[in-house]
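Before anything else, here is the set of structures, which you'll find just below.
Two complexes follow with chain A in common, the first pairing it with chain B and the second with chain C.
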Partner chain A sequence: MGLAYLTFIPFIGAAFTTVSTRLGRYSSAWVAVITAAASLSLLLPLAHDVMAGQTIIQHASQWVPSLGLNIAFRLDGLSLLFTLMILLIGLVVIIYARYYLSPRDSMGRFYAYLLLFMGSMLGIVLSENIIQLLIFWELTSLSSFLLISYWQQREEASRGARMALTITGGGGLAMLGGFLLLGKIAGSYELSSILESGDMIRQHALYPYMLILILLGVFTKSAQFPFHFWLPNAMAAPTPVSSYLHSATMVKAGIFLLARFFPALSGTPEWTWIVTLTGLITFLTGAYIALFKHDMKALLAYSTISHLGLIVMLFGIGTPLAVVAAVFHIMNHAIFKASLFMLAGIVDHETGTRDMRQLRGLRKYMPYTALLTMIAAASMAGIPFLNGFLSKEMFFAETVEHGNSMALPWLLPLIVTAGGIFAAAYSIRIAHNVFFNGKAEDLPKIPHEPSRGMQIPVEILVGLCLLTGIFPAQIAGPMLSVAVTSTLQTTAPDYQLAIWHGVNPALIMSMVAVAGGILVYRSREALFTLQSRFDGMFEAKRIYNGAIRRLFNWSSSITMNVDNLSQKRMLWLLFVASIVMGASGFIVHDAPLAGARTMLPVDPMSAMVAFIMIAAAISTVVMHQQRFTALVLVSAVGLGVALTFIKFSAPDLALTQLSVEFITVVLLLLALFFLPQRTPDESDRLRQGRDIVIALLAGSGVAALSYAVLTREYSTIGDYFISNSVSGGGGANVVNVLLVDFRGFDTMGEITVLALAGIGIYAMLDKLKLLSPQQDEDGRPWNPDTHPVVMATFSRLLLPLALMVSIFILLRGHNLPGGGFIAGLVTSVALIVQYLANGVEWTRTKLPANTHPLIGSGLLIAASTGVASWYFSYPFLTSTFHHFHIPLLGDLELASAMAFDLGVYLVVVGTSLLILINLGLIHQVSYQPRITKKNLASPTTDSDTTPSRSAALKKVLPWKR
Partner chain B sequence: MIATAIHIAFVLVSAALALNFWRLLKGPSSPDRILALDTLYINTIALLVLFGIHIGSALYFEAALLIALMGFVGTVAMCKYLLRGDIIE
Partner chain C sequence: MEALISLLIGVLTAGGVYLCLRSHTFPVVLGLTLLSYAVNLFLFMMGRLVIGKPPIISESATGYADPVPQALVLTAIVISFAMTAFIIVLALKARTEMGNDHVDGKGVN
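Let's turn to the complex of A and B:
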């Protein structure tokens, strides 16, 4: 279980960081440090076994066993390497960010996002199940989105975040398809069996499709050409994020997958060509563009792209030695690039700019930072005695080797050396341009050395660069060997980690690259002028933006073609379409309309109720222009529906229908107050005629359909529930048992939605001011008596009775008609009537005004009855029941579902009160001067007219500030 | 005996319902209609109780109870609307 805990600790830590900010500004940094350290401490005992060559696989729990999905974790050499990188660089970044963020930035939010990312990234590298891996994969895209847009007020931050999410999210979608195919081919989603069935996978007919889908995910995430452009735009993130996510870890997730699936997918011509070429193009373009970027972070971003391309290319070449070089370069790049980003952050932090046209001569002000930058940049350039040199030389050697197998053996080494020249040139630029190159002047701030807190993290990383560069076999050797072994899934090839291999092609290429780099850098001014002619011509970002814009235009033009914002037209189309489809079914297939069932006899009572319903419905339509009358008439229809439910033995439905009916009447009356009392004529005669015909056809169609269904014999799923209700749910009322037990999870979702809707309505009404009419429809002034005594008195009498009824309905709901939903509605009607008859002010003094806690506690009760069943190791929301004997009351049966029903009750009461009362209050301080018919009930935004509104609201809504 | 009585009661209540409904349609003023709807509720209660006695079941009693309770509220709300326009103030 250790690995599961290790992965989930950062998620828990993320929750704590936000809370901890209450204890002081820096406490969240401490929480983050402790979280990372806790994960690390869980890793170390396991790391020992892995270094000894073991693969640890832990099955944490079942997930969807019927689909072969289990939650399982895997730790082998490769994942150990990544886990260490994530946690150690994470730790260093956490410390660095503590000093980097300015007092205006919310630290809690930053660390919460960062830990969220850390957990997701750990999930990727530690997952044994590939679907589980994909979920963590998507989580890294999401947390990266949050981190890039951390400075929300900046336009480029939100744009960069959206772009990154679109590209990586789209890639994730493709990868899901690839994983599903892979699971189908391999017959399992577990990595262990996928890695073993490499031959079968490569020979499968679906292999090319699966490969392309997975590679799409890999290339988008690891910023490979042509999806590379999101990475430079992600540089809008705070620098610690760029250092952690966008150089060391997240962009390596794609590369991690290449390594992970290497034994299963590599070795085919498709793999070699696609992966090698993509890597090569990315390596070259990245290196080339990087030189011309004047922003330090943009330069580093393109150089990251270039180095990622280098690693991808090595995996494409695919020889065991190339894999050694790739894995080694993953480590080395993470270390020197993370430190370079931090150094760029220091320069930005202390000078106020990252523009290399402005920055120069900083050596005088920050000599130590200059030294650190020179070492890290030298490592990036591939200078001996630094870690970057070692893996880059391995890379050169591999390209020579691979080139030998091609028609033109000198071509690949030549191209790669050209890339190396640019890499050396931009590395020199970042050190020389910023710290030498003349005198520093015109900087936004006077530069000085940063605080120690920002230097120490960089020192650690730069120290690692040096140590690995000088003692490679001692420092990186053991880790590299187990990582390579688990990547290849066989024994690692013979290789030697040493600085001096003798004079060989790779060394010559290294020398040429560095020398060429110096030359290119010296002639940079001419190159910049040349390049500026092509500025913006081949920008992938522009193509992306154009594509996105076209997509939006296209979708909105489709929408506008269907929906021209005329509701009449939409309804017309909808009804005609359904009539045509329904009728065509009747015409094409000849089945008799009526089935074999005999009709029940018609009794005069039912006939009359039916007649009243029909007549009331028709007259509602006829009189719909007089809105209040239509409301009264439609109430009669509702009553008829309730009676029909009763007649056909559905008392629960009838009770629900009745309660909803009255709540709706109150709701409509509240809304109607602000609306014109009469609907104006909206259609001419001809259209009315057309609409009547369509309406009649559609209505008769539905009637014919229900006739056809109801006259046929059919079996329902109801029988199952009826026979299992008492034995399975401990209640005789099937409807209620269904709601709180068999389908308890649905109900849980529904009350959550209800609560959300209530809160949403509350938020929307919060600042809404509406003018209210000063007289009624016929021009009579309102009755000055706001709360007539008779009404107030009788309503107060009603309250205890109504509450008793609702409790009665709540308690017996499990066995007889009733339940939490109906009881909740009855209670809220009983309370609403107090507001109605006695006024808000009076009622507020007697009742707690704030219904939010009611809603919250309802949800909590419902959820905790669900969670409680976990404690007894049953699935969520399993209910239990027991018979108790209580003196005086006799035998009682109590089901845990009743507690759940109580939750439903509370949510319903809270939400309906919240909505209705706030709707009633939106006109609280109305516009006093004379109102003419013309501007009746028109909403206003003029704040001058309602100066006392907030004061008045404070009086009646004490929670409102 | 009770069966006959119930049948007669059914006929009478039905007639009352029909007449209430007529008033509901005809109006002419809004108070007329509210009153008609309220009386319709009351007669429905009678109908439900009669139906319960007729088939010897207490299951329909709650529906009648709810109509009694909620019908009152509905009527109050509608009357308040006519009087003041705003029903919650």
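Let's turn to the complex of A and C:
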């Protein structure tokens, strides 16, 4: 389980960093350090076995076993190398950022994002199941989005973050497709079996499609041409982020996958051509563009692209020795690039600019930083005695070797040397241009050496560059060897990590590259002038921006064509579309309207109720302009619906409908008080006619459909519930057992929606200022007699009785009509009657106006009932069915369903009271019941003196802030 | 009986649709209420018309109505209450912010 904990510790740490900021600004940095160290301490005991050549696979738990999805982790040489890079470079970045971030930046947020990202990266490199790997892959896209857009107020930060997310997220989708194909071909999503079935995978007919999809994911993530442009735009991130994401982690994730799947996918012509060519083009363009970037970070960004291309190309060449070079360069690049980003950050931090047209001669002010930069840049250029030299020379040797197999053996080494020249040139530039090149002047700040906290991380990394460069076999040898073995999944080839291999083509290429680099750098001014003529042309970013803009224009023009911001029109379209679709169904399928089922006879009572309902519905429509009358009529329809439910064997529905009807009418009455009492005439007769036609069409369509359904026989799954209700759910009321047991999860969702609606309404009412009309539209003042005495007295007497009834309904609900929903509604009705009869003033002293705790505890009870079934190792909420046969547990089961119903009850009570009481409180605040004689004499709406709701609430509700 | 109930559902639908197409908020809310009556009845009727056989298990029962549509409609009723409440408060809010009760916030119909 160690690996699972190792992966999840950063996620837990992320939660702690946000909290820890309360203990002081820098405590979150400490939490981050401790988190990374904790993961590291879990890794080290395992690392010993891996260095001895073992592969550790840990199955944490099953996820969806039927789909072959398991949560499993894997640690071998390759993942150990990446885990070490993620954690160690992570650690130095954490320390560096502690000193880099300015007091204005939120430390807690920064470290939380960084740890989220760290955990996601660990998940990628340690996953055994590839679908699990993909989830972490997407998590890195999301957390890197947060990191890049860390300075949210900057436009370029959010734009860069969006671009990175679009490109890498899109690649992730392609990758998902590729992984699904891969799993289908290999018959498993486990890496162990995928890596063993390489031959089968390569011969499969779907191999080319799968390869392209996976490579799309790899190339987007690792910023390969033509998807490279997101990386320079991600430089808007704080420098510690760039240093972490673009040296050792994010962009290396794609490379990691190339290495991971190397035994399974490589070796075909498709692989060699696509991967090698992409790598080569990226290597060249990156190196070329980097030289012309005046921003230090932009230069480093393009050089990163170029080095990634180099590594990708080595995997494309695919000989065992090329893989050695690739893995070695992964390590080396991570180390020198991380330090260079940090150095660029130091320069930016101490001078206030990263523009190399402005920066020069800094060695006078920061000689030590200059020295560190020179070493790191020399490593990037490939100067001997530094780590960069070793892997770069291996790279040159491999291109010579690979060139020999081609028609023009000199072509590839020549092209690569040209790339090497530019690489040397930009490496020289970042050191010389900034620290030498004349006298420093016109800088935003007087530069000086940075604090030690920023230097130490760089010293560690630069020290590693030197040590690896001088003692490669001792420092990097063992790690490289296990990493290469696990990448190849066979024994590693013979290779020698030494500085001196004799005079060979690779050494000559290295020398040419450095000498050429010096020449190119010397003639840079002429090159800059030449290049400036092509500025802005061939920029992938522009193509991307254009495509995005067209996409947005296109979708917004479609939207605007349909939606002209008129609700009527949208509804009209919806209704017409439904009618057309329904009618075409009737027309296309040539079936008789009526089916064969025997119809029930009409009894006089039903006929009368139906007639009243139809009459009430029609009158509602006809009289809808008199709003109060229409409301009364509509509630008559609602009561009729309740009667219909009773008639057709649905007592639970009838009870629900009845109580909901009451609450709805009270609610609409409260609302109507603030709205005009009448609806004005509609001027457009034509439109009215058109609406009548649509309404009649819709009505007759639905009637015909109902008739067609009702006259046909059907088969139902209901019999299952009826026969299992008592034995499996322990209740005789099948509807209630369905709600709280069989489909408890649905009910859980429904009460959550209910709670959300209630809280949404509360939020809308919170800032609402309503003007209270003092008289109705005919100028008659509202009746000041608020609370009729008879009603008030009786309602108080009735309250205990009503509450008792509701508890009775709740308790018996499992076996007889009732249950949480109905009991909750009955309780709400009982309480609302108190408000109606006695007024808010009187009632609020007895009852809480704030029912949030009620809603919350209801949801909590319902959810914990579900969680409780985990305790008996049964799935969420569905446990009860299985162990009802045992008498003792049977009793337990019954109790759990009842507890769930109690949760439903509390949510229903809480939500309905929340809505009505808060609407009622507005009433109380804005409606002044004490109408003075002066007001009666001249009934005017004195809106000016109506206090705002919040101010008035303070008077009414002293505890409300 | 089936024809009568179908007619009832049809009338409720027609009334609901017509009122939903009005241009002031309150009639639209009434229209939605009528429509939700119609929809709830329609869903309920998917279990066909059964008289006197509530789905409550007992020894003396001769048969049961289909409990599945009933359970579905029970929560639907509560949710449509929440929806009506949400919309009417939205209407109040719109009336305060826009100064009129037109569905699109326009001063005239």
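Heads up, the rule we're going with is that the second predicted complex is superposed on the first by the 695 of 961 C-alpha atoms of A that agree within 3 Å, B and C clash if a C-alpha of one lies under 4 Å from a C-alpha of the other, contacts with A are read in each partner's own complex, and residues count from 1 in each chain.
Criterion: a residue touches a chain if its C-beta (ideal position, glycine included) is under 8 Å from a C-beta of that chain, and two chains touch if they have at least 3 such contacts.
The model shown is predicted, which means the values in this text are computed figures rather than measured ones.
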Practice problem: Tell me which partner A:653 touches in the superposition: chain B (first), chain C (second), both or neither. | Solution: second
Practice problem: Have a look at where A:608 lands relative to chain B and chain C in the superposition and call it first, second, both or neither. | Solution: first
Quiz item: Regarding the shared-chain residue A:691, is it in contact with chain B (first), chain C (second), both, or neither?
Solution: second
Practice problem: Could you look at A:672 and tell me whether it touches chain B, chain C, both or neither (first, second, both, neither)? | Solution: both
Practice problem: Check whether A:815 is in contact with chain B, with chain C, with both or with neither, and answer first, second, both or neither. | Solution: second
Quiz item: After superposition on the shared chain, which partner residues are touched by A:627: those of chain B (first), chain C (second), both, or neither?
Solution: second
Practice problem: Check whether A:802 is in contact with chain B, with chain C, with both or with neither, and answer first, second, both or neither. | Solution: first
Practice problem: Name the chain, either chain B or chain C, that contacts more residues of chain A. | Solution: C
Self-check item: chain B and chain C contact sites that coincide on chain A, given as residue numbers
Solution: 651, 672, 816-817, 919
Self-check item: Sites on chain C touched by chain A in the complex
Solution: 1-15, 17-30, 33-34, 37-38, 40-42, 44-58, 64-68, 70-71, 73-75, 77-79, 81-86, 88-93, 95-96, 101, 103-104, 109
Quiz item: Which positions of chain B touch chain A when the two form their complex?
Solution: 10, 14, 17-18, 21, 24-25, 27, 30, 33-34, 37, 40-41, 44, 47-48, 51, 59-60, 62-63, 65-67, 69-74, 76-89
Practice problem: Spell out the part of chain A that touches chain B in their complex, as residue ranges. | Solution: 604-605, 608, 612, 615-616, 619, 628-629, 632-633, 635-636, 639, 642-643, 646, 651, 654-655, 658-659, 661-662, 665-666, 669-670, 672-673, 772-773, 776, 782-783, 785-786, 788, 791, 795, 798, 801-802, 805, 809, 816-818, 826, 829-830, 832-833, 835-837, 839-840, 916-917, 919-921, 923-924
Quiz item: Which positions of chain A touch chain C when the two form their complex?
Solution: 565-568, 571-572, 575, 597, 599-602, 606-607, 610, 613-614, 617-618, 620-621, 624-625, 627, 630-631, 634, 637-638, 641, 644-645, 647-653, 656-657, 660, 663-664, 667-668, 671-672, 674-676, 679-680, 682-684, 691-692, 694-696, 698-700, 702-707, 709-711, 714, 716-718, 721-722, 725-726, 732-735, 738-739, 743, 746-747, 750, 753-754, 757-758, 760-761, 764-765, 768-771, 815-817, 821, 825, 908, 911-912, 915, 919
